[in-house]
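The block underneath contains the structure these notes are about, expressed in C-alpha cells.
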Amino acid sequence: MDRRQFLKTSTAAFSAAGAASAPWRRAFAQAGPIKIGLLAPLTGVVASGGKEMVEGVQFYLDSVKNEIAGRKVELVIEDDASNPDTALQKARRLVEQGNCHMLIGDLLANTGLAVANYVKGTGTPYFIPIIAADDLTQRQRIRNVIRVAGYSASAFTHPFGDWALKQGYRKIATISQDYTFGHEQCGGLAQVFTEGGGQIVQQFWHPLNTADFSPYLGQLADLKVDAIFAMETGADATRLIQQYASFGLKGKIPLLAAMNGTDQSVIRTLGEECDGIIAAAHFAEGSDNPVTQKFTREYEAKYGKIPSLYGFSMYSGIMWVAEALEKMGGKVEDRELLIDTVLKTELTGSPLGKTVRLDGYGNPIYDVQIRKVVKRADGKYWNVPVTSYPNVSQFWTYDPETYMKQPPYSRAFQGIKKT
Amino acid sequence: MNTFQLLNGLTFAALLFVVASGFTLIFGLLRIVNLAHGALYLFGGYIGFAVATKTGSFVLGGLGAMAAIAAIGFVLDQGLLRFVRGNELRQVLLTLGFAFVLNDLALVIWGGDSFTVPIPQILRGGMRVLGVFYPTYRLFVLVTGIVVFAALWVLLNHTRLGALIRAGVDDAEMVEASGVNIRRVFLVTFLLGSALAGLGGLMGGAFLSLYPSADAEILVFSLAVVIIGGRGSLVGVGVGSLLVGLLNTLGQVMFPEFAYFVIFGPMAVLLAFRPLGLFGRAVSA
Amino acid sequence: MTQATSQPMKIAGMTPRAVVVALVVLAVAAALPLVLTNYQVGLATEMLIFGVLAMSIDILAGFAGRTSLGHGAIFGVSGYVVVYATAQAGLPPLPAFALGVIAATLVAAIFALLAVRTSGVYFLLLTLALGMIVWGICLRWTQVTGGENGMRGDVRPPWLVTHQAFYWAVLAGAAVVSYAMWRFVRSPFGLTLLGIRDSESRMRSLGYNVPLHLFIGFTVSGFFAGIAGALYAMFNNFVSPSTVALAQSVEGVLMMIAGGVGSLFGGFVGAAAIIALENAVSAYTERWQMVLGVTFILIMIFAPEGIIGTLRAVLTRKQR
C-alpha cells in the first residue's frame, strides 16, 4: 500500500467517524457521491464479457451524465479475474475500504456465489444482472442479493422445452458444461420436454474449457435424435458451434442452444456456422421493437459492436437501481429502504421496450423470445425473434411452493419424468 | 472405441506432438522447463490468426506465427534466461513470469474474445475415411503431425546440427569440450522449439480456437506428454502424444468424471517408478 | 546458523535475543488491528495464512532441496474438507478443522510416497502433476465438491466472526506453527534433511535412509500446509477449484522465494510483499497480471536470494 492510498483511506475513516458524531456532517455526507462498486472479470477466461459489463454500466451512466437523483455517481471498478477467491477479496475491498453503498456485477456463477455469501454477512446491497443461479431467487434467497434485470437459469429453458415439443421433436440429447448453470438450464428444458411426452435420450456433461468436442460429437451423431440442446458459454460455445459444423452435423440435426451460446459475445467472431441456431431468451438484439433497435443502434455506434447479453444486462441493471434511487430521493445510505424500493420498482426504460417487474421472489418476469441466428444486411449475424412466450414466470406454469419442494436441478436431478 | 473416436484421439495427438516436441527439445538440451511454452502457443495462434485474416493465406499465417514466436523465444532466451543459467528453479519460475506477461499482452492486443484461425477452402468440409465421415482439416492436422515428426527425425539423425543436439542432450559439457560453440546450438534449438509452439498455435487455433487460458490447457497436456515420453526424446514425445491423445479421448468418453485422472494418474505412477519417463536417459553430469 | 549451540542460556530452544525479537514482533503484530481498517486487517490475516503456506513449502525447498509445485493442492484439500465437514456434514468448526488438517497430511503422504524417488526438476514436475490430479477431481467430482462453483458455508465459530478476533486467532496459530516449524528444521531430523539437500550420496553412504527422511519431511510439510489451508477456508467461508489450482502452488512458491529460500520466517515477508503488491497494483491498473509477471522475472534475475537474503547481503557488504 502506498502513501497516497493510505491518506485516502485514513481521510475516509475520519470523515466516517465525523459523520457518525456530528449531525451537520451527516447532512454533508448525504450530498456526497453515490458510490457503486462494480465487479467484473477484466482478466481471465471471460475477460471479454467483463469488458462489456463495464461498457454497459458506463453507457448508462454517460446517458444520465453520471448523476442519479441529483447526486454524483462514483463508480469503482474492480477486476474479479474470473476467479472466486479474487472476487471475494475485491468485494471486501469495495465494501470495507471503498465504503461503497452497493455492489453490482460478476459474471461467472462461482464468483457471484462467493460474493453473495460474503454480503450475506455485511448486508451490503448486491445486484446481480448476470448471475443466474436459480436458488438465489428460489430456495436460498438472500435479502440483499437482488437479481435486477437478470434471469434465473431455468426460466427460459422451460418455455424452450415447450417450444421443442411444438416443433414435433420427440427425442433430444443435451450437451452441457458441467456446472450449476448448465445443470439448471438443461433441467428446465428436460423437465418440461419430458412432461410433455418427449424423451431425453442422453446427457453429456463436460468440464469448462473443453478444447476438443470431437469425442462428444462422435457420440451425439450416433444417437438418432430429433434435435440437440447445447448449453455452452464463451469459448466452449464458439468451439462447439464450429466443430458441430465441421463434423457435418449442422443441417442434419437441428441445434438448439442456451441463450449464452448464441449471444453476440460468441457469434460476433463466427461465420455461417452459427446461422440458424435457435435459442430462448428475453433479449434479442435483432428485435423489431423500436426501443430495442434504438438501444442496439446507439450501443453499436458508441462501442463498435452489437451489444451482447453482458452489455445489455448491466445497462438495464444499473438503470433499475437508478430508477429506484430516483424514487427514494437518492438516500442510498438507507440500505433497507434501497432494497425495498428496488424490489418494488418496475423498470420503465428497459431496452426490451416493455416494463419489467420482479415477481414475489425477486426474479424479473419477461416475455421470452424464441430467437434465431440470422445474417444481417451487412453480413454480421444476430438474433431475431421467431415467436414469443409472454410474461414467463421462473416457475413456468408450476405452483411456486410445489416447484420449490422438488430439489434444485443438478446432474443427479434433471426433472426428467419417468415413463 | 470406434474408428471415429480413434481418429479424434489421433488428430489431437498430432497437435500435441507438434507443441510438445518443441517443449522437449528445449527441455532435453537446455534443461529448461519452459512454462511459457503454452503462452508461446497461444500467442503464436493469435499472430497466425491476425496474419491469416489480413492476408487471406493460411500458409503465411503459419510462417508469420513461427517467425514471430521464434523472435519472442529469442528475447526470452537471450534477454532473460541468460541471467539465470544453471539454476533450474529460477528458470522455471522466470518462464512462468514471462507467460503472465505474454498472456496479459495478448489480452491487451486481441481482447478476450475467442477467435478461430480461418481454414483454407480446400481443407473445409469433410471426407470419408475408414468408413466414417471426418473433417478434412483434422486429417490435415494428423498429416502435419506426421510430417513434422519426419522432418525432426531427419534433422536430428541425419544432419550435423542434429548430431550436436543429440550429443548435447546426453552431455553438453563434452560437446563444448570438443570445440563446438554449444551456446549457438542451444540458441538454435530454443528458436526451433519456440517456432514449433507457434506452428502448433496456428494449427490448434483453427479447430480448438484461441481464448484466454488456452495456454494453460495445452501446457498441461504438453507436460504430460514430455513426462511420459522422457526428456529430449523424439520417439518419446511421439509415444507420449499418442498415449495422452488417446487417453484423453477415452477418458472423456468412458470416465467423464475422472477425465483428468485418466491422464495424470498413469503419468504420476509412471514418473514415480521411471522418473525419467519411458524413453528418458539419465543425465551424465 | 549453529552458533546458538555455543550459547549456554536458552529459552525454549531460543537465545534470549531471539526471544526478545520474537516477542516484539508478536506484540507489534498483535497491535496491528488497533490501527488498521477492517479491510487491512483482512489483508494482514491473508498474509499470515499464506506466510504459513510459504514456510511449509520452505521446509522442503530450503531444507531438503526439493521445491514442490503441489502444495497448493494439499492446502486446498484441507480447505475442501473443512467446508464440506461444516456445511454438508454439519460438524462443528474445530473437529472440521482437525479433519481438514488430517486429510491434507494424508494427501501429502501419498504425494510423498510417489515423489521421494525424484529430485530437481523431476520433483517439480511430479508434484505439479499430482496437484493437477487433485484439481481435476475437485473440478469434476461435482456431487461432492460442488464442481466449478465450489462450496460455501459458515465455517468460522461464532467467537471468531469479526475480522479482529479472527486475525488474533490466526496470529496465535501462525506463531505456534512457525515455532513448531523452526524447531522441526533445527532438530536432528531437520539437520539430516539439510545433509540430504547438500549431498544425497554422502548421507546415503553414512547409512541414512534418504527416502524415509524425505517422506517424513514431505508429510510434515503437508501437515503445516494443511493448517494454512484450513485457516484459509475459515477466512473465506468458501472453497472452489481455484483454491487447489496450480496458480495457488505457484503463488506459495513465489512467496517462499521472495522471502528467501531456507530463511523459513522469510515466508511471512514474502507473503506480505506479494499480497501487498497484488493489492496495491490492482487498485491502479487492470494490468496487474503483467506487473506481477515482470516482478516475478525481476525477482528471479536480481533477487534470487529473496528479500531477506538480499537485505542480508546488502547489510554484510556495508559492514565490511
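Think of it as A, B and C in the order they're written, each chain with its own count starting at 1.
One rule holds in what follows: a residue touches a chain if its C-beta (ideal position, glycine included) is under 8 Å from a C-beta of that chain, and two chains touch if they have at least 3 such contacts.
Keep in mind the model is a prediction, meaning the values are calculated, not measured.
Across the two interfaces under comparison, B-C and A-C, the one joined by more C-beta contacts turns out to be B-C. Relative to chain C, the chain whose mean Cα position lies farthest away is A.
If each chain is reduced to the centroid of its CA atoms, chain A and chain C end up 37 Å from each other.
Work out the mean CA point of chain B and of chain C, and you get 33 Å between them. Of all residues in chain A, those touching 2 or more other chains are 43, 178, 205, 207, listed in ascending order. The multi-chain contact residues of chain C, meaning those touching 2 or more other chains, are 139-140, 142, 289. For chain B, the set of residues that touch two or more other chains comprises 104, 256, 259.
Taken together, the chain A residues at the contact with chain B in this complex read 43-51, 178, 204-207, 209-212, 214-216, 218-219, 221, 234-235, 238-239, 242-243, 246-248, 265-266, 268-270. By the touch rule above, chain B contacts chain A in their complex via residues 2, 4-5, 8, 11-12, 104, 107, 111-116, 124-126, 133-135, 137-138, 204, 207-209, 211-214, 217-218, 248-249, 252-253, 256, 259. Residues 1-2, 5, 9, 13, 42-43, 78-79, 83-85, 88-90, 92-93, 96-97, 109-110, 113-114, 117-118, 121, 133, 177-180, 205, 207-208, 410-412 of chain A are the ones that touch chain C when the two sit in their complex. Within the complex, the chain B residues that touch chain C are 31, 33, 80, 83-84, 87-90, 92-94, 96-105, 108, 216, 220, 223-224, 227, 256-261, 264-265, 267-269, 271-273, 275-276. Partner chain A is touched in their complex by these residues of chain C: 37-40, 42, 46, 139-140, 142-143, 147-150, 152, 161, 236-238, 240, 242-243, 276, 279-280, 282-283, 286, 288-289.
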